[in-house]
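What follows is a structure written as structure tokens; I'll ask about it next.
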Amino acid sequence: MHIVVCTKHTPDTEAKMSVDGAGNISWGESPLIINPWDEYAVEEALLLREKYDGKVTVVSVGPEEAVEALKHAIAMGCDEAIRVWDDACQGADTLATSYVLARTIEKIGDADLILFGKSAIDAQTWQTGAAVARRLGMPALMYTIKIAELDPDGKTITVERLLEEGRQIVTAPLPAVVGTTKGINEPRYTSFIGIRKAAKMAYPLWSLDEVGAEIERVGAAGAAVRWPQVFMPPVREGEAEIIAGETIEESVSLLIDRLMEEKVI
Amino acid sequence: MDFSLTDEHEMTARMVRDFAEREVAPVIKEYDRAQRVNPDFLARMAALGILGICIPARYGGAGMDYICLGVACEELERIDTSLRVVMSVHVGLNSLGLLQWGTEAQKQRWLVPQARGERYAAYALTEPGAGSDVVAITATARREKDVYILNGEKMWISLANVAHNFLVFAKTDPRAEPPHRGITAFVVEREMAGVTTGDIHGKLGVRAGSTGWISMDDVEVPVENRIGEEGEGFKIAMSCLDNGRYTVAAGATGLIRACLEASLSYAQERHTFGRPIGQHQLIQQMIAYMARDYDMARLLYLRAGWLKNLGRRNTRETSMAKWFATEASFTAASNAVQIHGAYGYSDEYDVERYLRNAKGACIYEGSSQIHELIQAGYALGYRQDKPLRCELPAYDPEYWQTVEDTL
Amino acid sequence: MSNDIFVWIEQFNGQAASVSWEAVGMARQLADAMRGKVVACLFGGEGLEPLAQEAIAYGADVVQLAEDTTLANFRVGPYTELLARLIREGDPFAVLIGATFRGRELGPALAVDLETGCIADCTEMTLEDGNIVATRPIYAGKLMCKCVIPEHRPQILTNRVRAFPRPEPDATRNGEIVRVEPALAEEEIAVKVTGFQATEGGVSLADAGVIVSGGRGVGGPEGFEPIHQLAEVLGAAVGASRAAVDAGWIPYEHQVGQTGKTVSPDLYIACGISGAIQHQAGMRTSKVIVAINKDPEAPIFKLAHYGIVGDLFKVVPVLTESLKARLA
């Protein structure tokens, strides 16, 4: 089985985000990490490899910094890493990014399963996996909380998708795109053997030509969405109205009064 | 001069930090309050290979270098000192001592299971009546044909009640001249008849850590368990301390960082006189010193680790790092409590635990006073290092990471 | 290109997702400004006529209704195929989709088919210079972003749950129901739905107008008992902070926060939750936030509108009893 995991690098979840007048986003000195949601996808790929044998390749479309995400995935145990980039890829939206990713996966050629994390903690569109699946004409199994069955020879997969009301159980043919969600597994730590491999590895960079991507369809040129303005959310003025009655009963009564005034109960 | 850490160092730090944050941080306060050891922590550290982090793979270890040992200790103590104490005795004092002084057979027999985390290791030098004055130890080892009969009591031994293998120092010749030549080192296993251990409670700090005593009553220790020559024990004990102290220095650096992080966070949340307290100068002063001391402590222990990687003698540099970092961590913790005000005085926040933990490190592995004397000795030329019969091997990635012996 | 606004109406077991009506409300505003129609697209198995009528009452001028076994369960393949076809026929200015799980997989798939943009999880929309300018949160709401699709049509946007007001339904409104056929036969659809397991009991977090959440202060699984009782009296969903979920006191489905669900109820009651940034990210846009915590310094009090400093095990039961009496 050849499993491909798509990943990206993001600032740490605890990073203090800010934006300057020119719209440049900064995360201070927080290190770049593998997108936390992608760790579930990597872990699932590794579990499947343990069960069915095969290879796990981790892929990222990104500049030099994207190697941080690839290193972590290799240190967790992935076999190979591929980075795709051209400066023209800057300013991409889902349409443009999914185009490059789809081309890359086609170039890899023999992927049986393509895994994504649910969302990247930066732009948080949740869209890339679904868009890539559509481009590849593959089943899109987003929000998977459990891979219930997998038949690599018969080429079928059954998953449980966690939707608002409960779990939808679906079966689809392989190859398929699976979007993982938290709760599907517990991502392992990197291992020392993995750390040494990740440190020694050379990370190949594929060009747009190599994946067969047309330059007009990548980055800002290929994007449909633009984001002309990024800003800090308005700071909420003031603090809570602390309700302090003589007794708990009195405080509670006053609180209920307020909530009724606000028409929320 | 390249001050940067390699990918391996950074990724090791990250992995240990993730483990400590996810698995230890949420529950450590309970164990500290209850003065109880959580056996799972040791087991998890063993499973992740941390207990053999810088031991060569051929001896069951993870094959990383000595700087990885340091950064791992920094990350562990940032969460709680008790985690780093494990590294100090299991890896620093005992396992690296075997790596340096053990015969091949001894390394296979004790180092391998220790590096794999199958057996836990401790270091038994201190006695109720002998701490700084090592030569005053009274434990004896009387040779009778193929065994030594050991008698005596060791106290303030970390992991006393959980360790399997103890590196014990006893006098084979109580009347030696000079007296330090009468000390010999042995591996004593918990299973041997006559060995009993017990817990010590009521410590000011490191309450989630196991500290206790080990008593030896006519324990028969085979000759094969003697480490080094008769009379070499003192030198062995001192060189083990070079590695134990290194982990203490790295750990104390992590403690300073924990104090700094807690203080920065609180300084931004807490408001007095209409502003966050981080804008008040006297708070800023305390934070400035913490930031300074963190940088200094870190540079000192990394230098010591670098020397170890090169196979160079580092007694002076390691002592300097330990002395500085531990004293600085106590000051940082005291100031962290001060910055937190009344909340710092309560165990609702972590800083009071940092303060209680920090003090211990100023006492063990060479009290601060001992280190002052060591440093003066080096500076004045009264103290000079002579080569040892066995040196801690320089880090060689090829040797450390291959399992088969190609000789 | 017409000036119509298409809205995809999500339904599950014959019940429309509330966020779809919120989308209709926004679509109505846009359509009025553009002088176009609101065209609702409603797909499912059968028995959807009442929902189609509801759509009209909420503001749709036309409902394109497709009832077929192939559409009985949501599958992104056939739904995308059909919606894309209707969009090519109707050539709308924009398409609004509620930012539910289903909506957020439908939107990007549609955008790929139509080679256009999809702006996800919008909290505001305005018309400027012939484009919809949408505001959306990024980096867990630490930053906000204005987005626009200047050169592609239709503009596809998914609206965040509860970010837009639900319009008042007007049963006297008139509209047209047009029946449409699905775009794919069952044999052409690769994914098969073989079952559904509803989440045990309770209101779903995403839809809830009121949420009562418990955090580390709850202390254990039993500690959620008073939380559940308060939730029951309020018809609320039960949420949790990451601390409570990671400690195993309540399943992950209830987690609110950066690595859990983002919610925007009218009322969010946080019990024993300190209010770390990661939790705030999941509930900061709630209309009214009440915090109940022993620690007066807890960060949640900076975010909350109302607070009671006290032991949740004392305060919450009293609140439950008082509400029972007052709401009776």
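Order of writing sets the labels: A, B and C. Residues in every chain begin at 1.
Note that in this section a contact is a pair of C-beta atoms (placed from the backbone, for glycine too) under 8 Å apart; a residue touches a chain by one contact, two chains touch by 3 or more.
Worth saying up front: this structure is predicted, and the values here are computed from it rather than measured.
Q: Can you pull out the chain pair that has more C-beta pairs in contact than any other?
A: A-C
Q: If I average the Cα coordinates per chain and compare with the overall Cα mean, which chain comes out closest?
A: A
Q: With chain centres set to the mean of the C-alpha atoms, which chain is at the far end from chain B?
A: Taking each chain's C-alpha mean as its centre, the farthest from chain B is C.
Q: Counting only Cα atoms for the centres, state how far chain A is from chain C in Å.
A: The separation of the two C-alpha centroids amounts to 21 Å.
Q: Distance-wise, how many Å sit between the C-alpha centres of chain B and chain C, to the nearest whole number?
A: Whole-Å distance between the two chain centres: 53.
Q: Per the centroid of Cα atoms for each chain, what is the distance between chain A and chain B, given in Å?
A: Averaging C-alpha atoms per chain gives centres 40 Å apart.
Q: In the complex of these two chains, what residues of chain A are touching chain B?
A: 71-72, 75, 189-193, 195-196, 198-199
Q: Considering the complex alone, what residue numbers of chain A touch chain C?
A: Against chain C, chain A makes touches at 11, 13-19, 25, 36-37, 93-95, 98, 121-128, 130-131, 133-135, 139-143, 158, 160-173, 182-183, 223-233, 236, 239-244, 248-249, 251-253, 255-256, 258-260, 262, 264-265.
Q: Could you please specify the touching residues of chain B with respect to chain C in the complex?
A: By the definition above, chain B touches chain C via 26, 269-270, 343, 348.
Q: For a test of understanding, state which residues of chain C touch chain A in their complex under the given definition.
A: The touching residues are 12, 73-77, 80, 100-102, 104-105, 107-109, 111-113, 115-121, 137-152, 190-199, 204-207, 209-210, 234, 252-253, 258-260, 266-267, 277-278, 287-288, 290-291, 296, 301-310, 314-315, 318-319, 322-323, 326-327.
Q: What residues on chain B touch chain A, complex-wise?
A: 6-8, 11-12, 14-15, 18-19, 48-49, 53, 62-64, 401
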